[in-house]
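Below, each structure is written out as structure tokens.
Both complexes below contain chain A, partnered by chain B and then by chain C.
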Partner chain A sequence: MSDYELIKESPLGGAEHEFDGVTVAEVIDQSLVMVALPRDRAVDIESAMGESCGLSIPAMGQSTKSSDASVTLWRLQKNQVLAYFSYDGDDAEVNLAERFDAPAYYTDQSDTWGMIRVSGERSRDVLERICPIDLDPSVFTLGSVSRTVMEHIGTIIFRDGDDSYVLLTMRSFSRSMLHAIEVSVKNVL
Partner chain B sequence: MIINHPLLGPRDSEEFVYLGSTDLIDRPTNWEKSAAAEDFHQYQYIRENIAGDIQELWYHEQGDQSWLVVTRSTLTHEISNVELAQDFSRVKGRGK
Partner chain C sequence: MSQINRIDGGLIDQEKVLNFTFNGQILKGYEGDTLASALLANNKHLIGRSFKYHRPRGIVTAGSEEPNAIMEIGNGAYKEPNTRATVTQLYNGLEANSQNHKGPLSFDFMAITDFLSPLLGAGFYYKTFMWPKGFWEKFYEPAIRKSAGLGTLSTEADPDTYDKGFRHCDILIIGAGATGLSAALTAANSGAKIILADEDFLMGGRLNSETNEIDGMAGSEWAKKTVAKLGAMENVTLMSDTTVFGAYDHGIYGAIENRASEAREDNDKPRQVNWRIYTKRAILCAGATERLIAFGNNDRPGIMFASAVRTYLNRFAVATGQRISVYTNNDDGWKTAKDLNAKGFRVAAVIDSRSISPVMRVPGAEIYMATDVVDTKGRRALKSIQLSNGKSIDTDTLAVSGGWNPNLHFTCHHRGVPKWNEEIASFVPDSSPPVGMSVAGRAKGTMVLADAIIEGHNQGSCVAADLGYKTSESKPASTPVVSYNISANWGVPSGKNRAWVDFQNDVTAKDIKLANQEGFKSVEHVKRYTTLGMATDQGKTANVLAIGIMAENMGQTMEDTGTTIFRPPYVPVAIGAFAGRRRGMEFYPTRYTPSHNWSTEQNAIFVEVGMWYRSQWFPLPGETHWRQTVDREVRQTRSSVGICDVTTLGKIDIKGEDVSEFLNKVYANAFAKVPVGKTRYGLMLREDGIAMDDGTAARMSENHFVMTTTTANAVSVYRHLQFCHQCLWPDLDVHMISVTEQYAQYAVAGPNSRKLLEKIVDPECDISNEAFPYMAAGEITVCGGTAARLFRISFSGELAYEIAVPTRYGDSLMRVLMEAGEEFNVIPYGTEALGVMRIEKGHAAGPELNGQTSAYDLGMGGMISGKKDFIGYTLGLREELQRDDRMQMVGFKPVNTSDLLLAGSHLLGLRDKATTENDQGWISSCIYSPILGHYLGIGFIKGGHNRKGENVRAVDLVRGNDVEVEICSPHFVDPEGERLRV
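On to the complex of A and B.
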């Protein structure tokens, strides 16, 4: 038994800030697992996922939800999808592999990303200052997902509600991203 | 400059990294032959300096990590075609 005990901590320590018309809050109850789709097995994987969770592989830049709505699949690349799902345990990879029961390759990415939700009626006003993607509701529709650069930081943006967006950056960039969002809030509001 | 990604639509060139001419796809395979030194010299260093359309490799580093073949005019910077390097190479009998 070691002398030390490690305490689990999210990248931003559960930060949450309320502004007039915008809420910026860390997302701490979701896990992230990469699911690689070998070219010759993509069809088998999709049918196995469909059987176990009611999931299909989304089109590029889009997402699909499992029948119980707990798992969302993001398609950011041609040959892989990211599974974003409700789970806060330490073994997300095993958990998802069991739920899917599909012959794909799984890699746990949960703790390597910091996730920040920007929501509220003025969320788009705040994001349009830093996001080069067209966020018009008719273009970046509900469930759209994209990887891009914001304030020189590689960022995944996912629209999870009418006025709600989840931004993901590599864990070590979380504070810089939070700062970028807060500066944008001050500039806009 | 905007690059119209074949899978993701128009993206700012800030998201991409430039590599160079698509000549880099045609790596010589005759490394054991006597002509290899000259062929590799050509492959590595010798480029046409074209005034007009050229095909070049761009990497979507801050995006989906795909390699693209972009056809761009060196006179106007107009981009006339963008395709996946994977498809481009397969047509040439390269890659899997």
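On to the complex of A and C.
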């Protein structure tokens, strides 16, 4: 038994703010793991993931869901996918590798990113002040994912609901991103 | 009496009274007014003074082209100069002040310049203020600027806020007049996503100012209904009070949305929003701007565009005078007389320069055909006009129409060149507008309203169909055809009187003639010599008129004379709107380290390193100078243990079967055989053999390395690796991802570092010197099972480790390390102590890896592997990079140990003069060493590796320092590296 205990902390301390028409909340119950597809093994891996979780590798800029909807795969690069899944333990990499049972390279990214969900009927009005990509529901369809730059910050944006978007920025930028969203809310609502 | 010029009707709400002030006088207007219409309603014709001659000036237009009615709006820090009254929506409490006069507006002391005007023609400054040369900057220019300026700045920070945003559409329609609305209707009905933007706060364009009938109703009513219909459509975004100001690459347009009314109600709301609009297509329906005719004294208050007289009459219910005359060269001017008659005003006279029959009957008006206005009278307000037939007419307003110029500016933003159209006597867009842009209506030169509506209707449908949307089957709105005939009239001989062309910069027809006579033939040269079109209005009312005058002067065609180049922005845009929300600390985002909160609690002093905020040092109570703190941090670390947050260093996880081969290709030294559990220092070169970055790579398993980079190059190294993989060796099985932020990483340095770590590392992980020797790396657990990575590497030269835990535990680990280290008097140290210790140890860093130094220059030539190929190998063998007399990195210590040594000092021979020819090198990094008790530095000197023991001078002429230094090894502390291995 160690004399010392480490206490975990999310990038924004679980921040959550409700506004008229928009909710801005840190996502703290999801993990993120990079799944790299070894050379010439993409078919094997897809087959294994399909068997274990009912997952297929999504098209670029799109996502797929496991049969129990607990794991979402995002495709932003040719030879890798990002797995976004419900898990808040410390061993997301191991946990996912066990779930997938596929011979990929797994790298935990859960602590790399701060995740903020912007949801509500005015979410797009708020986001259009910082997000250069087209969030029109017919263009950025449900499940779409894209990597872009918002307020000089490299950002991944994922549409996880009709009026709901998850923004991921490198953890150290989290406060700046939250501030950028809050300024947008203040300017718009 | 209030609003003596106000009449009934108009598109304003006369039930809603608004109070405002002009030069301190309280006035009233109505909701829906502009500042200009409210001033005219209150009989305020004299509203400012001209730029150069301080001539009394009045409102000329009713739009964004206004050259005269530019005001200072607001007061204190909120004051905004050079605001056009003609596009400023009136609001309660608006404070407006005229500008550019000394003393009261009605008696400007600077008006004396007007009497000196014969001396002040074009090029006057260039010719007069030539001597003495040095006086221009010190005396002449400040004096001229002081007397001839526009508004004044508050010199306080602008308290208003600004924002920006991004919008996307299939079709952007610029201008919501009859053409734009018609285009929007058909395009929107097709299903395309539309943005309709208009600079006016009331959409409708000229329909709001004219009396045309469309589809059996007033044009303004048709516009209102059409706007309402479009507003109800989900695929349409209406952006009124939004001026598109530039056409940029790839179908991107800049637009500035004025939200002043919202901002006034809530000070926190942005005053303006700068939109970037991404389009697939754009239809320019920007209409046309009327132009003047150059005649003697054509600038008096009361002389205005004929179209503006109609706008104030029909839209704002303001009669600009009681005895109004019209001077025109086209049919459109006659409409003014017709509208005035219809409202019950008697028109004094209609003067048409054309030799044709009167266009219509104007009851009560004197009609003069083939006649010109040659002079006017009235200093502060127009009193009479003098005609070319010798007749004088008393009149208080002269409505002038010299024809219409299509607003084709955007078609030229990608270097389109307008063509001359003789039929309408105007320039029209050429056939090469920016990609994706088409033009319709008056902006294209289609001057007849009925034709413009059809053109807009068809364009909307065609462009939508081109994008794959269904073709609209609707019919265009109908309006009676009213013909437009014109005969160009650029001006009339004005004798000694000045005929004004550019009102805002006070340029006359004579100035243009003088420029032509003096050899300025190109329109671009004339522009710069006379300052024509260079004011805030960018010559919207002046340029074509000036080109006409030039063409006549030089006996050439309009097309041969040509136009100047149109560039964004179309209208003045506040710099604040471009800055948007990026002010002060929000200029760029801030990155916080995992230990930031803890460091803040310790009163750390922070330093910006790129976007990172890092702890620079941690002062203790009683420490009054940073050197005290840093010296303590260094001594304590070297004598016991210190902790530094090094999370900012780049960390890249690299996995795959070919990872060691990959690293072997990107590093200059060998990596193929690094054992699992070992770290190796790595030097990365650029293709040209120059050092790019250094760091370490630890082999965590057979197919897994963790690479570290410098903080500054974290992104560029990652990008370089991606390039190498994707472009050079795509067949290698290599997968990389940044884990810089995945792990909070702390350097634990000093002789007690192992003892400290042993208190938190779980007992099953043996970190003894034997089990975990220098350069070891491995996965461990800490504090009862938390996974961590441990690297036995040292930047300080001490026994040291870097420990990494998932960042969620970063703050906590810092607190635990400090608590566990209490018995060793552990201290945190910042980037300053980090720098001191690395220089004491002789490690190269940013100032040494400056993009000019090779591995050999840095003293790392021995690391270069000759047994493999790697990036930078071949070009690194170039003779020039192998020379012995290159600038080579060595250490420097003062001969007199009490001397101050400064980074940036240049190195000279002991008896050499401080000249460029004698320069032998420079000190790149320099510190005071609390361990050695004197200053020391590392730097570069010619052939330095073979000059150790030689004395030279380190000279800093800027700071007045000249000391003798000895060239030595850069490794000042523990050169044998014994401390690292204990």
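Keep in mind that, in the parts below, the second predicted complex is superposed on the first by the 184 of 189 C-alpha atoms of A that agree within 3 Å, B and C clash if a C-alpha of one lies under 4 Å from a C-alpha of the other, contacts with A are read in each partner's own complex, and residues count from 1 in each chain.
One rule holds for everything that comes next: contacts are C-beta pairs under 8 Å (C-beta built on N, C-alpha and C of every residue); 3 or more make two chains touch, one makes a residue touch a chain.
The structure presented is a predicted model; accordingly, all values stated were derived computationally and were not measured.
**Q** Does the superposition put A:132 against chain B (first), chain C (second), both, or neither?
**A** Touch partners of A:132: chain B and chain C.
**Q** A:42 in the overlay: touching chain B, chain C, both, or neither? Say first, second, both or neither.
**A** neither
**Q** Where does A:76 make contact in the superposed view: on chain B (first), on chain C (second), on both, or on neither?
**A** In the superposed model, A:76 contacts chain B only, not chain C.
**Q** Tell me which partner A:109 touches in the superposition: chain B (first), chain C (second), both or neither.
**A** second
**Q** Looking at A:175 after the superposition, I want to know if it touches chain B, chain C, both of them or none. Which is it: first, second, both, neither?
**A** second
**Q** On the A-aligned overlay, A:9 touches which partner chain: chain B = first, chain C = second, or both, or neither?
**A** After superposition on chain A, A:9 lies in contact with chain C alone.
**Q** By residue count, is chain A touched more by chain B or by chain C?
**A** Partner with more touched residues of chain A: C.
**Q** Mind working out whether A:61 is in touch with chain B, chain C, both or neither, as first, second, both or neither?
**A** Once the two structures are laid over each other on A, A:61 reaches chain B alone.
**Q** Kindly classify A:148 by the partners it touches after superposition: chain B alone (first), chain C alone (second), both, or neither?
**A** First partner only, chain B.
**Q** Could you tell me which stretches of chain A are touched by chain B in one complex and by chain C in the other?
**A** Shared contact residues on chain A (touching chain B in one complex, chain C in the other): 132.
**Q** Okay, in this complex, where on chain B does chain A touch?
**A** Interface residues on the chain B side: 7-9, 11-12, 14-15, 62-66.
**Q** Which positions of chain A touch chain B when the two form their complex?
**A** Within the complex, chain A contacts chain B at residues 60-61, 76-78, 132, 146-149, 154.
**Q** Which bits of chain A are touching chain C when the two form their complex?
**A** Touching chain C: residues 1-10, 34, 36-39, 79-80, 90-91, 105, 107-113, 128-129, 131-134, 136, 139, 151-153, 170-173, 175-177, 179-180, 183-184, 186-187 of chain A.
**Q** Sort out for me which residues of chain C touch chain A in the complex.
**A** Going through chain C, the ones touching chain A are 161, 163-168, 193, 268-270, 276, 278, 581, 586, 588-593, 611-612, 653, 655-657, 703, 731-733, 735, 737-743, 759-760, 762, 782-784, 786-787, 805-813, 816, 819-820.
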